[in-house]
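For reference, the structures are reproduced in the following blocks.
Two complexes are shown next, each including chain A; its partner changes from chain B in the first to chain C in the second.
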Partner chain A sequence: MQLHEQIREFILANLVVFDDDVDFTNDDNIFELGFVNSLFAMKLVTFIESEFRLTIESDEMEISNFNTINNIVNFIQSKSVYK
Partner chain B sequence: MIYTTKNTSADFDWTEYFTRLHNGEIPSLDTHIYFQNIRHLLSENAHLLGLVLGDVLRKLLKGVQIKTDPRMLELGAGTGFLTRLLLTMYQGSGVLVDNCQTSFDAYNKIADKHADHITYVLQDLFTLELAETFDVVCSFGLIEHFKEKNEILSVHKQFCKEDGHMILVVPMDSFLTRAYYEVHPELNLGYRELLTKKTALEQLRASGLEPIRAEVSQGYVYDFLAILCK
Partner chain C sequence: MDIKNGIKCVVWDLDNTIWNGVLSEGDDVALNPRIKEILEQLDQRGILQSIASKNNYDDAMRKLKEFEIDRYFLYPQIHWEPKSKSVGIIQQSINIGMDTLLFIDDQPFELDEVKSVHDSINCVHVDQYTELLSHPSLTPAFITEDSKKRREMYLQDIQRKQEEESFTGTNEEFLKTLDMKFIISEAQEDCLKRAEELTVRTNQLNSTGRIYSYDELNYFRNSHDHKLFVCELTDKYGSYGKIGIALVEITETHWHIKLLIMSCRVISRGVGTVLLTHIMQQAQLANKRLLADFKNTERNKMMYVSYRFSNFKEVSKEEDGFVILENDLTQIQKFPPYINVLVQ
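The block that comes next holds the complex of A and B.
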């Protein structure tokens, strides 16, 4: 599965709105759209670490790394084991 | 992305600026706009709080043996943000306690799938009677509202298992936190102490708690301190 699709599926599995209302691009800010709750960012961090066997450091815990599908994918790919 | 402040454009005329300043001309200042800008910059962001608090909790609990599926108790819980975040990270189940109907109603509005693992007790902390003790007893923004902390900290201890842990999260005294409350008078209500790390640790020790580790937040709109105690 493509990385983008994998991340999109995880977001869709954690929506706080009905699926019918959801339509977003890979560049849309998922936090600003209100599709996910305030616990989602940390849930996403845990998911990325376990799914991709990465360690996310404190200085990488920035909302800008996780606010769009493209940013999440870029972040994962920037980690050395995924280069 | 690099953030630039307003006066850093390449064509800013520093000579004119210093000449006018030298001539006693004070730059005009629209205080209302500046106040609103600062309020906006320092406004609560629940997504960011989740990330920053999550990071603090990870550092706080690194290497600490937390029982599988821990039972957690949050005192003065409000909507139980701290417990819900801990459940996201460590699984388990929790009890939230608060005597405020508004908080209870707010919790019910946002209750997510953790609701199956959470019980909400609408009761005063000081008359609280529970039949069990907990692996983790925590509070977020509670003890700073009490000038005398012995009693409120005793409640934390009372419901904590002998081999359990207490997590206390409080706003920390810093220029940022002071500014945050200064520009948000609507939130700056009642008695609230802003504690330095040193003072907070002293107060906890004086109340018979044993602080194991303390972590300071980085990157939120105010600074907070999380302390792990036995």
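The block that comes next holds the complex of A and C.
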């Protein structure tokens, strides 16, 4: 669960929309909710690569790997020893 | 004079360089011959200038104001710290390569000290300052509207940063306060020089690393089989100048993005994909498929991210890392709400 919280914290810190009751589940598509902009995608990629010391290959740069908290966590776990 | 690269910023010493004498020793200093003319000329050419001087800040600034030359200098470093540190601060603040800086001083010790820390910087002794204006490294091929305004644009950036740092709301609320306008137009002849400058300047994202000459761009501008878009960003502080271009090839069945360039300076404004969205909309209206060339260079990974997160998929890949991306145009993101997009 710790990994989910870490990702959620990053997303909350980088949201472009913010009101106090912003709420999304681990399965909500953060791109469709309009919470994020083009800059966010770049920040997210940089964050994942540096925080988890991994390299995202071109063919992994699928939005489906990054559009929900669960998908991001699954992707990180598939790439590394983080469990 | 041993200068290796095109120079983007000249860093001046003050005592016995800009002026004759040592201010802190009570000398009645006077500007060295032709200094004013040189500062003004470099400024007009779009070459930035700064100061690395060991002096009392207030005294030196008062003198610079008295000589009416204070406005030329960005991030002046006037204090007693080593000059290598001053030069480092200037380089980071302006965010350009160390090899595009030129440091001028009268003391060999200072030149050596700076050079010993920053190996790639260009150093010149003040003896040679009158030759600066005729040196090729300080003579850009074209002087555009944007180069003349470059210092002003950096000053606006400083103001923006200060305001951004003191802003307490969210990022989007801040972006809303900027009153940004993103102006997209098809290139006219008068902006080709700036477009060419964008293709050769290094501080930007280039989708293929290709560089086009003025003549090539002019050919595309007149070609019925191509569209050459340029865009400009303005906000309440002023204009960022021309910050992006896209070259699109038009065929029976496709729009094909051959080149996309975005200035790094505007990425933090969340406008990186506005031009891309516009092209996607236009291709959809024209009922064409949309393709884009991309070649991985050291610096453009973020552009690949933008393409992929805008729903482009790789359809072919060559060994040298060149790929063609395709977008089925089923999902086109909206323009960000904090920006007013004008198509001319």
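Going forward, the second predicted complex is superposed on the first by the 76 of 83 C-alpha atoms of A that agree within 3 Å, B and C clash if a C-alpha of one lies under 4 Å from a C-alpha of the other, contacts with A are read in each partner's own complex, and residues count from 1 in each chain.
To be clear about the criterion, a contact is a pair of C-beta atoms (placed from the backbone, for glycine too) under 8 Å apart; a residue touches a chain by one contact, two chains touch by 3 or more.
Keep in mind that this is a model prediction, so the values were computed, not measured.
Aligning the two structures on chain A places chain B and chain C in clashing positions.
When both complexes are overlaid on chain A, the residue A:S64 reaches chain B alone and has no touch with chain C.
In the superposition on chain A, contact is made by A:L39 with both chain B and chain C. When the shared chain is aligned, chain C comes close enough to touch A:L15, but chain B does not. Residues 16, 31, 37-39, 41-42, 45, 58, 61-63, 66 of chain A contact both chain B in one complex and chain C in the other.
Considering their complex, residues 16, 31, 36-43, 45-46, 58, 61-64, 66 of chain A touch chain B.
Of all residues in chain A, those touching chain C in their complex are 14-18, 31, 37-39, 41-42, 45, 58-59, 61-63, 66. Residues 170-173, 175, 267-273, 296, 302, 304-306, 308-309, 311, 314, 323, 336 of chain C are the ones that touch chain A when the two sit in their complex. Those residues of chain B that touch chain A in the complex are listed here as 1, 45-52, 54-55, 59, 81, 84-85, 88-89, 110, 112, 218-219.
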